[in-house]
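Note sheet for the following structure.
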Amino acid sequence: MADLGLDVLFKGRNFIRLLEGLGVALRISLIAILISIVFGTLLGILRQRENLLLKFIMRLYLEVIRILPQLVLLFIVYFGTTRSFGWDLSGEAASIIVFALWGTAEMSDLVRGALTSISVHQYESAAALGLSGAHIYLYVILPQAVRRLIPLLINLVTRMIKTTSLVLMIGVVEILKVSQQIIEANRMKSPNAAFGVYLAVFVLYFIVCWPISMLARKLEKRWG
Amino acid sequence: MSEAILEISHLHKTFDINTIIEDLDLSVHEGEVIVILGPSGCGKSTLLRCINALESIQGGQIKLRGETVSKDGKNLRGIRQKIGMVFQNYELFPHMTVLDNIMLAPVKAQGRKKDEVREEALVLLKRVGLEAKAESYPRQLSGGQKQRTAIVRALCTHPDILLFDEVTAALDPEMVREVLEVILDLANQGKTMLVVTHEMQFARAVADRVIFLDEGKIIEEGTPDEFFDSPKTDRAKRFLNTFTFERKSSPVNIY
Amino acid sequence: MDTQFIEKYFPLYQKAALLTVEIGIIGIAAAVIIGLICEMIIYFKIPVLRRIVSVYIEVSRNTPLLIQLFFIYYGFPKIGIRTDAKVCGAIGLAFLGGSYMAEAFRSGVEAIDTIQEESAYSLGLSRMQTVRYVILPQAVTVSAPAFIANVIFLLKETSVFSAISLMDLMFTAKDLIGLYYNTTESLVLLVVFYLIILLPVSVIGSLIERRLRYGGSGA
């Protein structure tokens, strides 16, 4: 059996360091997703309003955020704004800003989709029973919308986690950066460390994302 | 009476633990029109689906002109071409025109010449009053027009027997007649047919023989006059009663 | 804005964009083929292969492209599998995209009622004929929006290629920012070139979606 460079993983604190690196990526995802849920829900509900200007602005925001690769957005915020505004933004802060902006856009679209997917007849039949506007939302619309929303939201979480791997490119020390450091430090003793370490990173990401995807699918099946 | 085209013996069909059809025998003769009646869930649609091998069977035999019909039998495609089936929701192919829908099987499955099939299709379309719709897509047709197209599609493979599975159940009331008239016309031409329907008047008019099915078994069988005027079993009487209404003389307020 | 800078480095971006498009097209084409094969294996319920396909789909969908590329480009040579950066980029994109395309096709096929299949069978069509004339034409229409969304997604994903030292748009922009500090100009060029690549696809996508919604092929 060829040397797969797996031994490096178990040397010293290497594996713990990898996990810490993954923790950084997950922390960024978590903060960004929480912000996205709050603002995305708000914007999603606002997009229901029949205000043309509001609709136009929201649409513009959504399209601009969506058409550009997230990495380009990261570059703009990290390199662009620090230069133009002269402030000192850490890579992690820039990442959270970008992923929150992106997540908010996606989330608002999911919320809007969930709300509009409920047929007009549901509103009408609830109104015909004499329910008030608030009651219609509380008892009839929201329970249905939330069921449609939650699997999609969970999917957004996995997309967010996968996307945060990009922060390496603006110098945040996360799992890939740690990997590079470990491989570099062991280049003499374990020349094949690159295989073992990147395999470990690959597997770790899968272990994090896969259960979340499965949960989303399960809920989708149960509530679909 | 002429020879039996379709012969079903000891047919047994189960879904998991539920028995849908139990030890059913039936022979259908050339030119005969059999109407199958029964409450919903009695197995009448399943029976038609078994005859076309859309369902696997757990016991017994179905033979079309001596050839066994089975889901994993040898000449399944050939046999299916000899059995025309019309479904409740038409099941036209939405991406094809009326004419392409009709020509698909004769050209692709039977390898017949396009021109010849087109000519026949147009004749049949004319007969059901749809010659102007040959190039239309299904979405441009009314329900009744769709169902008439589906009937022509089934006819164009020259089947020995036609199966109609509640073909008017999805139609608006004013379109039911145009479809039933086409089926009556086919009956008058001497086509062999098995018809599942809830239209009692039509059943009486079109049937040579009525079969009453309940819980997967044939409960009663006879000419339409016998069945509708003097049903022998209680179950058949109760079933026929569900189609008549009387206003009670002293209404009871249920509120 | 330093227009001289923009003029000077425009060709560099042009070259980088062409590289992105080239690898993108090859990778996406391969992804479509992989996706079709996977969907056929699932549809015809081919034993063993079916298992492999579902494992592949899970792995591919639950790992980031960047990690996949690192593994293939830096890890694989250690066990004797060496790939050129361009090839590696295309392989990574195909590996990622194959599962997304398979899902798009699957949702298209699943959207078609089984009774459509049955009515084709009842006319005497064979399984292959049913797929060819009845299932596929309808599935393609249904999955078109998801297909276009995948194409856009995959084109955007190409932005990580600079991590395996491909001189793509991101690489060029980062390089110029590092060398000359013309941050604004470099970023403007970056955005403009990505829009040139992505906007047409996006517009085509919304046109198709609109046509499907209003033209409809509903029964």
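First chain written, first letter: the chains are A, B and C, and each begins at residue 1.
As a convention for this text, contacts are C-beta pairs under 8 Å (C-beta built on N, C-alpha and C of every residue); 3 or more make two chains touch, one makes a residue touch a chain.
Bear in mind the structure is a predicted one, so any value in this text is a computation, not a measurement.
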**Prompt:** What chains, if any, are shared contacts of subunit A and subunit B?
**Reply:** C
**Asked** Pick the pair with more C-beta contacts: A-C or B-C?
**Response** A-C
**Asked** If you average all the Cα positions, which chain's own average lands nearest?
**Response** C
**Message:** What's the distance between the Cα centroids of subunit A and subunit B, rounded to whole Å?
**Reply:** 54
**Complete:** Between the Cα centroids of subunit A and subunit C the separation in whole angstrom comes to 20
**Message:** Between subunit B and subunit C, what distance separates the C-alpha centroids? Give it in angstrom.
**Reply:** 47
**Complete:** In subunit C, the residues touching two or more other chains are none
**Request:** State the interface residues of subunit C toward subunit B in the complex, per the touch definition above.
**Result:** 113, 115-116, 118-126, 129, 133-134, 137-138, 141, 216-219
**Residues of subunit B touching subunit C in the complex** = 52, 54, 77-78, 80-81, 83-85, 87, 89-95, 104-105, 108-110, 137-139, 146, 153-154, 157
**Prompt:** Of all residues in subunit C, which touch subunit A in the complex?
**Reply:** 58-59, 61-64, 66-68, 70-71, 74-80, 152, 156-160, 162-163, 170, 173-174, 177, 181, 183-184, 186-187, 190-191, 194-195, 198-199, 202
**Asked** Inside the complex, what are the residues of subunit A that reach subunit C?
**Response** 2, 4-5, 67-72, 75-76, 79-80, 83-84, 158, 162-163, 165-166, 168-169, 176, 179, 183, 191-195, 197-199, 201-202, 205-206, 209-210, 213
